[in-house]
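Encoded as structure tokens, here's the structure I'll be asking about.
As written, the chains take the letters A, B, C and D, and residue 1 is the first residue of each chain.
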């Protein structure tokens, strides 16, 4: 299971690889379709197998024909598997060598697949004429091995982000529950059906002549008993009447205890996972507003704090940064280049720079969102960053006796450059007017890059003075 | 849901925006009131709808009148929605363009709202005279669509820190449970009511002439069965008697399994969340006292450790720092300025500094609480920080043969400055006498700021020497 | 609750404070004893109150006398509370001003305490002669308010690390469960007892003449029904027979759903908390041995890795470091001085150093445990740290053609100093022979401290050369 | 328990230590075998003890013989324990001093072991001739003390990574459940068996002449009742009939509530632990693809991101780094030397370096995996690292008007060295062609190591130029 972690994604590189003749890729859409078709057959098998086990003598014989047809499909799949490439778990590459494929299959699941497909029933029918003996019934239970197809389907779905994890997981658990209910219902019926004294069985005590009722009534009653026991409702209208049934009941209830715990455990897991984002948000907001109220911060400061935190959660700012930090430098650089190069290139300060230099600047920049009416720079603050507006708009404010607006900057413009380059405290307060995306460049990083050649430093300063003259 | 994350907070900036004429803001208090009024109607609908479904033929006709009145309110809401601005999920701004509002509503929920409001019953009554057919009953179930109002209310409440998360969540789960119990009780009664042989139904087997009893008895019995099954108590005094009821029971029990797991999962989540603070506290205290006892630390050191940890948890010191670290520099600076500027300004060491410089010093300071009798500085320690007392008091202790008190410092005074500025080990031990809030300034940061102009360095040193002469 | 976080610990500083005359400290051992005595009375009240509610008419009259005696103790407690100091939640200091104590008590719990202590029963008895009316019964339920004493006891115990969290929590949950079972059993009996037709009650249907049985049988039967319902076992031998009982059953089962979820949630929380250490250990060991086997590391390297990780978990090395990091520098320094000064002082390299300087060295040192046979330094490694042995022993190994032992170092000796001071790669491999505790000093830190005066550097080098000559 | 954390691993160093004569090591394989043999006897005791308690009078007398034989084995174990060394919890060393072993055993478990082994039954039989009195029965329950052997076995298994944690834990819980079911079933039978009126017992009400049925029927019925109650199914076909049984039922159900919660709590814990890896993977992938789609990154960039993240999870890259970071420097260095020295030694750039220097370079290198078709270096990027290929292959790409392949590098070759050494932006884009493992060396670290001697710097530069000429 562990090794199967990523075929659904990430292995797309394998998809395009050309394989040998007559070897099918496991990512081939036609093979995928075939697998999906098999899943449908497996589901039918999973349902019919316990059902036949319990009710065979009341079933029409056409059902055996259907069984054999389905068996033949699985036989085809066994043959087909010898021609399907597989991903080697060491090199993570597709292996298309027929011999290695065969060795791997024969040494792992082949024997199980073969047993679960071998038509024991039909053969027994031809040989002795009576296929109802318990031995052959048990052999037909081998068909349940096919359920591993469903299991691996779910293992794949869980890792596929196109499907909601909560619902995938719930569907899986629901299927398992339904299957358990179906199996135990059928098995319990079989015990009653074979008991010498029909009156002293769980069903016979309530429906005395139950063997004469139609299949539907008996099946529903069996399932009803089964689910009443599984959910621990236990009305008691149907209950074990003899030792045989008690022993089965004991086993089933022990199993149920495990299953119910497992269901609850999974649900808890999903709930915890599902609400963690909201809880995180609440905790952060709560901490911020407690901080504000404890320190009696003025209203507008508290609002700036809360707006900023809200926006960060909305834009998943934290996760985004984490994602980028986990990537190697080259990927980060190419993303930064793709996203920000066109904007940074046009900034007046960097006119005349080589492609090289702008590229290096861009790779060191960090993008951030600011909500409306938030201060990005405060007047008199020590200069630490250079800012470039990607989208949105800001206003320059000068506090001199009273607060005056000194102009408005929009996408593609730069601010904070005077403080950084002239090494003086910021002359303006910069405040956003709408949702604004801003690139931030650390002062030290800027100097490190520019310092590489004297010429660039001159260009920057001349660009700066040109504007102010 | 995800996009709705923050309307309750943070979007307050939107609240003050002026909208077009005839367009209502979703944050308008009157609109909020209208929404709350609708919630009440929705709750009534949710209760009456399954009830009518089961007991219609025994209900007085006035109930239809009430239904129609309520329907008309929802019809008004549909019309109103065309005049309510909405928050665009990309720009996070309010959209008040009538056309865009209409397009958005028509393309999303309009059709559901319309269907759930359309008076199928009344119309059917006028047309055929008998509104009791199952088809029309099912159509009236469409009214349950209105529950999405309740759902979005809870989604909003969960994110609103004014409400306790535990109780909001519990109320939600309780409502869901009650609704499930109510629905299934009513539905199960309907099955019995419509069964050809009243004696062979779950209720008829216990109350033979149940149709002649009054509504209250029948409703309570139905709810009693329903909750007995939901909680998996399953006394068995009331239980399925025919296949139809069994099938419904199977479905209901399967649903219950999911619902119960979901309830437990949520409760676990809440308990884990609720106790995490205490557990954290216990673990930290335990680690500290184990450390103390393993190393046989003297009693007074252990007490200092524990006091400090306790205080940090009490004042949520850790969370506070985390909150501040998550904010952009400008907000942090303005908070620091607001909180600490007045105090730092009056410190003798910084007399003669420009506003600029003190502002920069303040933004780099960190506030901390110290419990009573804790050492802030030890004699002979290497100087690392400068400390300014915000509130509380400390004493200077000099250990020379024995421990002597050398003076007391209170709010607004500075200590540790001699060590930092003269680059010598601390001459005094400084110990708090009561709960003390202290600002801490890193030595390196201080020098970086002062170094900017030679003049400032001179001021600091002259201030320092003036005091000692 | 939140504000009560630490009285049990940390507030020990308050314990010694001298209070005004006639004012009792809440930490006074005698007051603590009185509180414990009250808890016993509260537990009796909690049990007797619902019991009287249900079975009053069968109880001997002496029970009322006991009630009144207990009441008088609570009356004393009310008076006493006016003389008990309290911890102010802002300043964390004890308040012993009688006026403030009175104001605080009167404005908070006084009214509840008074109502729960007022002897309504006795008064009603004197006035009308019959105290069995439902109204007065309900008033006597007010006594349950006293349970808040138990609640605050548990809140305190949970935060007290002398008591095991798991068992404290379990005891609390068990008590709550028992109380719920007791209350609902009694209440359900009362419903049956007052029902006009005793045959048509849950108990009368099974024990027709139940009123004539002795109290024990009736009480056990009631509790049996109650617990059968609470645990959702629901045998069905005792079940609601009339609408009144059904309504009570509905309420009780809804409450149970919540209680059961809460119990499971708490248990899950405790289990998760309890196993986290083992899980952590397993995960770390697993990661390390997978790493070793994937890279085919030789056996002795894998063993070194695993030994080291095991030891770190055994000595809680990680938690210890975390604990220290959370403390302010002064406490850390005084702990380091207390633990390591005597050892470092005796190291030959630092002979001739001032107290000052050794103190500064000590505060920068980190203590670590090494398991037997682990390499601390590898020959040819770049020098990064200086090591001082606190306990245990190491051997010097020199690999020159073959591995030769070059001496043995024990507690108080230093190694790695040649590499660090002469800036050359380490000449020896150092390997522990038993469990060894070692102090580590970073090279850069050492140089920073020594560099402060030229004299110290000379001392160090002369000490070094003296040994080698 | 806590102190037992690591005997299964890590303490292997103790295994080889030579002990005194006649003292057995607890790690001796023969002693381990003996312990395993005892576990089997314990399991038998645990089963037979409650069984005898309930059904003694129907059991053959041979069973007492078996009991005595088993008792004698435990007596041998008690004697043996005086000769088994133990691990001291302070020094973590084996203690083989007979006196300390005896003192430790006598002061801890000896008295319990002795009581649980003393043959009370046999003695009582000899004295009074009737061993069926309740008193002696209770004494024989002391044998259950032996279960602590099983408990410590599980505690050890849980920490042993050779066993799957999930299944170990499940087996433990399953055993506890089975034991609880068995005990309570037997005890409940005993209550019925001793009740004066056999008709008025839980079993007599259903099987009137139950004492005449064979043991199997009675045992199965008892277990059936027990498990029906434990799982809260509570059919009600078997239920308490008298007060005695009710009281036992109340206790058992209360215990069950705890046990069931504990089972669910454990299962939840296991599920959460088991799915955390998948959830982590999903969250990371989701964040990355949301980031890509929000910023409309081109397809090939998104694929590079996802491939990289997938590979990191596949190779557990994060955990590996964490594992290494937790180890002390010497172990890290020796691992690095073992793994990478042979490769780095052969790199052309370091030809002529001393062993010393290469060793230091190797210890600073970090290994990373890159998926196929990922860019490691981008053209024009600032040089930050030097890369050495351990396995796999990369191509050099030059973008000049169009993308041209400029050669291919395989295992043992170096790239990025021109940029780093000549301090210019990278001249080529380097892209992997298959799964590639690469060593990364930070530029600053490289310079720090080489700078140590002028000679080495010259060697590097001459090596570099030799290749380009």
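What to note about this one:
We take it that a contact is a pair of C-beta atoms (placed from the backbone, for glycine too) under 8 Å apart; a residue touches a chain by one contact, two chains touch by 3 or more.
Because the structure is a prediction, the values reported are computed rather than measured.
Although chain B and chain C carry the same sequence, what matters here is overlap: shared residue numbers make up under half of all numbers found at their interface. Distance from chain B peaks, on a Cα-centroid basis, for D.
Note on chain placement: the centre of chain A and the centre of chain C lie 37 Å apart, centres being C-alpha means. In this assembly, the C-alpha centroid of chain A lies 26 Å from the C-alpha centroid of chain B. One inter-chain figure worth recording: chain C and chain D are separated by 26 Å, centre to centre, where each centre is the mean of the chain's CA atoms.
The set of chain B residues that touch two or more partner chains comprises 232-236, 260, 264, 266, 268-269, 272.
Contact residues on chain A toward chain B in their complex (touch as defined above): 170, 174, 177-178, 216-217, 220-221, 223-224, 227-228, 230-237, 260, 263-264, 266-272, 275, 278-279, 281-282, 284-291, 295, 297-298, 301, 303-314, 368, 370-378, 380-382, 384-385, 423, 425, 434-435.
Those residues of chain C whose C-beta lies close enough to touch chain A in the complex are 232-236, 264, 268. By the touch criterion given at the top, residues 5-6, 9-13, 91-93, 158-159, 161, 165, 229, 232-236, 239-240, 243, 246-247, 249-250, 253-254, 256-258, 260-262, 264-266, 268-269, 272-273, 316, 319-320, 322-324, 326-331, 333-335, 337-339, 355-356, 359-360, 363, 449, 452 of chain C touch chain B in their complex.
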